[in-house]
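So, here come the structures, one by one.
Next come two complexes, and both contain chain A; in the first it sits with chain B, in the second with chain C.
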Partner chain A sequence: MDWPAVGLTVQLAFGTAAILLVLGLPVAYWLATTRRRFKFVIEALVALPILLPPTVLGFYLLLALGPRSPLGSMVLSWTGTAIPFSFTGILAASVVFNLPFAVRPFTSAFAAVNRRFLEASWCLGVSPTATFFRIALPLAWPGVLTGVVLSFAHAVGEFGVVLMVGGNIPGVTRTISLVVYDQVQALDYAAAHRTASVLLAFSFVVLCATFATQRRVLPI
Partner chain B sequence: MDGMRLLLLIFFLMIWGCRKEQPDGQSSSASAKHPEQITVAAAADLKFALDELLVAFCAHHPDVQVTATYGSSGSLFVQISNGAPFDLFLSADMAYPQKLIEQGLAVYESAFRYANGHLVIWVRADSPLDPAALGMSALVEPSVRKVAIANPQHAPYGRAAVAAFESAGLYDSLRDRLVLGENVAQAAQFVESGAADVGVIALSLALSPAMRDKGRYWEIPQDRHPPIEPGGVILNRAKDSAGAQQLRAWIVGPGGRSILKRYGFFSPDE
Partner chain C sequence: MRPELLADFEKTFPSGTVIRMSMRRPAEGFSVTALFGPSGCGKTTVLRCLAGLERPQKGRIEFDDQIWFDAEKKLCRPPQSRDVGLLFQDYALFPHLSVEQNIAYGLRGRAGKGKSGPAAELLERFQLHGLAHRLPHEISGGQQQRVALARTLARRPKLLLLDEPLSALDGPTREELRLELRNLLADAGVPVVMVTHEALEAATLADYVVVMDQGRVRQEGPMAEVFSRPADAAVARIVGVETVLHGRVIATKMGMATVAVGEAELLVIAPQLPADEVDLFIRAQDVALAPTPPSTGSVQNHLRGRVLTLVPEGPLIRVILDCGFVLTALITTRARDELVLREGDAVIASIKAAAIHVVPRPHAKGNRQ
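Right, the complex of A and B next:
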């Protein structure tokens, strides 16, 4: 096993899931509770990475984060390093393409919370923020966990966007799924088998755990 | 509230996980304790030769650590011109290092040629075809369904392969049988795995330990295609790097030459 790549991938996946938990919960809660008509536009935007080819996403992220873009040049002048082909770059890309994998389960979990509980809480004078943390989040929690786990697992497995934005640099942006690609091209099928079977087992276990949680087989 | 607490715990674990030591690919201090890190972007035809060369280089230069990324020269060129943090670029076609010099991204004085590239027709050992007897016409045998080449849009070996097909007047009949690898190593993998019947690949890959005993090849005469002229250059970010200079010197020096020669990379004057 290519352990530096495993470490890097775990960091990337944890980082992605953590950022999406912070960014995704408010968006999902808003989507689940708002009665605004144009919310379908936001829903479509959030779901876009599911349908977009990774090449399209990678191409635009490269343009948006590159040293010639306003954002990229700002970061370059502050930190002295460009975002593409760095860990920050693949983390940013990973957050974008995993957005639907976190926000959609979050949203359906919040939507399943009986609105009467929220309204009762608001009427009793509890602030909307406190209502969110004390009523909505605890009730929606299995769905939130599903979103976190799915975005974590999907971040581990993403290939195209990471290759385009990260450039496959060992120790910096070469994640475990890129290692499989390299091992196959190096005709090292034994190593590719080892890496790929670990990923296969990992994905299967994650999905089993997710579905078990949803059916309440596992006591979380 | 148990679920909530667990969620918070997971969240803090995640934050903690992210804070763990960031890989420092950027450090370039060459003190004895911290070996200098050099990153090389290398054309895919170097895949096996450079791996071996780097092992030998690092044995002689324990103060330098080298990591290599392989790809088609064209896509590596695009990455470098978009700011990818490489120190040394080894391209299958000297045109890309030259373009980087013109863009002000590479050091003019450091540009070097290290070999001539050779193109071969490769088949698996169990293939009924004999490329040595058939030559170019092996590609249009009725039993051949798929011919693997590197993507001619950004891989020099792919461009050379298409040029060779055109000069032999075979391109039109071959067009529908071509499968394109992202780079020449992937094209080699396509044919080595049996997914394609014939591959037009780099001699260096055909001579690699991973492929040597698995198939037969025939070299396409050099006059059938424009010359493949691999070359390298040190990129601007490494212009003061001792390690990058040492690696460049090693590749063109006797240590590198002897390894490159075994992979069919003869220097222009050999």
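Right, the complex of A and C next:
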């Protein structure tokens, strides 16, 4: 096994899931509770990565984060490093690409919370933010957990966007799924088999755990 | 000037439905105002506008010297800064919190917790002390209602809003809680605005009725007045029960009671009456008219009366009688022709004992033990 790649992948997946938890919860809560008519635009934007080829997304991310872009040049002047072909770059790309895998389960979990509970909380003098933490989040947490697990697992297996934005640099941006690609290219099928089967088993176990939790087979 | 709740607004839904409300009610002391009308008439919307959960397009809502909503000034206070308590139809108890946590939910900081805090006091007052650590789904419907009311009252709201407070309960529990609820509300000592579509609920809990139909106020006034003198046939149909009488039980015997209403005495069925003061409800279709007292028959109550007015309603005629109190009878046009009934005529009104609904009169403020 390529242990540096495993470590990098785990870091990337944890980072992605953590950032999506912080960024995705407010977006999802807003989507689930707002009565504004233009929310479908935001819903479509969030869902875009499901449809877009990773190459298209990766290409635009490269342009948006590159040293000549406003964002890229700002980061370059502050930190002295460019975002593309760095760990920060693949983390940013992974967050954008996994947005729907976190936000959509979050949104359906919040939407399933009876609005009466939120209204009752407001009428008891509790602010919208406090209501979110005291009522919405505790009631929606199984769905929130699903979103976190799915985005984590999906980030582990991400290939296209990571290749486009990260460029397959060993120890910096080369994750396990890129290792499999390299091993197959090098015709080292035995090694590819070892790496791929670990990824396969991991994904299957994660999905089993997620569905079992949802069906209440596994108590949490 | 006495503090007032002023609600004068218009709410339009995207579907085109318009709800118009206009009322002034006291904003101080105990009073119960019922928003009464058929399902879908807009009464719950009015309640939600008062709570701040819906925003009307036009008009204003004021409570005492606070402006809660003003369309022209584009001002709309959120529910958090309105000092209202709203009791939801399904109670909306937080399913993940215990009874005690639900009651203490709106209390700021640690004030609500502990053995002598307001939450503990409310648990005691609402007879919930043994249930403090249960979850909402582990207690009965009646208990859930008390928890919801205790939670609402914990913050000492200045206006209490109730949405169909008894509709989530089954028959016997509802009967029992109707009286209990009025007493609990009287104890709170604040104005109450209540939504209901049940005449009996409005009549027993409220002292002022606002009748709504198709998004508009049809009639408003003291409960007895609206129920005994509907402004028009539509209101009469909505209120259903035409005659509401206050009486005093003067004798009980073998499950029957004699109730004095002014000069008249009525025999009613009364299995158990905890109070001397009772409300009697008589539907117009249960009152029969005759020129002279029948010599025999099963009907127990015969009252001498005089016809005040005749109101035609299609094949029926609504006869308003003066029997010492106002009594409404609903008879067919044919019966009217046979009786040759005209205004001012003397008639005998007959009512079966079983057709008179008896409800112990809720304790008014002051005469509780």
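Observations on the structure shown:
Following the convention adopted for this analysis, the second predicted complex is superposed on the first by the 220 of 220 C-alpha atoms of A that agree within 3 Å, B and C clash if a C-alpha of one lies under 4 Å from a C-alpha of the other, contacts with A are read in each partner's own complex, and residues count from 1 in each chain.
Keep this in mind: contacts are C-beta pairs under 8 Å (C-beta built on N, C-alpha and C of every residue); 3 or more make two chains touch, one makes a residue touch a chain.
In this text the structure is predicted, and so the values were computed from the model without any measurement.
After superposition onto chain A, the modelled positions of chain B and chain C are compatible, with room for both. Of the two partner chains placed by the overlay, only chain C lies in contact with A:Asn114; chain B stays clear of it. Residue contacts after overlaying the shared chain place A:Gly125 against chain C, while chain B stays out of touching range.
Chain A is touched at more residues by one of its partners, and among chain B and chain C that partner is B.
Touch criterion met: A:Pro138 reaches chain B and chain C at once.
Measuring from the middle, so to speak, at the Cα centre of chain A, the directions to chain B and chain C differ by 170 degrees in steps of 10.
Once chain A of one complex is fitted onto chain A of the other, the partner contacts of A:Leu25 are absent, as it touches neither chain B nor chain C.
Between chain B and chain C, the shortest distance over C-alpha atoms in the superposed arrangement works out to 8 Å. When both complexes are aligned on chain A by C-alpha atoms, chain A residues 138 touch chain B in the first and chain C in the second. Residues of chain B touching chain A in their complex: 1, 3-4, 6-7, 10-11, 13-15, 17-18, 20, 22-23, 25-26, 39, 44, 47-48, 67-71, 79, 82-86, 183, 185-186, 188-189, 192, 208, 210-211. Across the complex, chain C meets chain A through its residues 51-53, 78-80, 84-86, 88, 90, 92, 94-96, 105-106, 108, 151-152, 155.
Listed in rising order, the residues of chain A touching chain C in the complex are 114, 116-117, 119-127, 134-135, 138-139.
Remark: chain A residues 4, 8, 10-11, 14-15, 17-18, 21, 62, 66-67, 81-82, 84-87, 133, 137-138, 141-142, 144-145, 148, 167-172, 174, 182, 184-188, 220 touch chain B in the complex.
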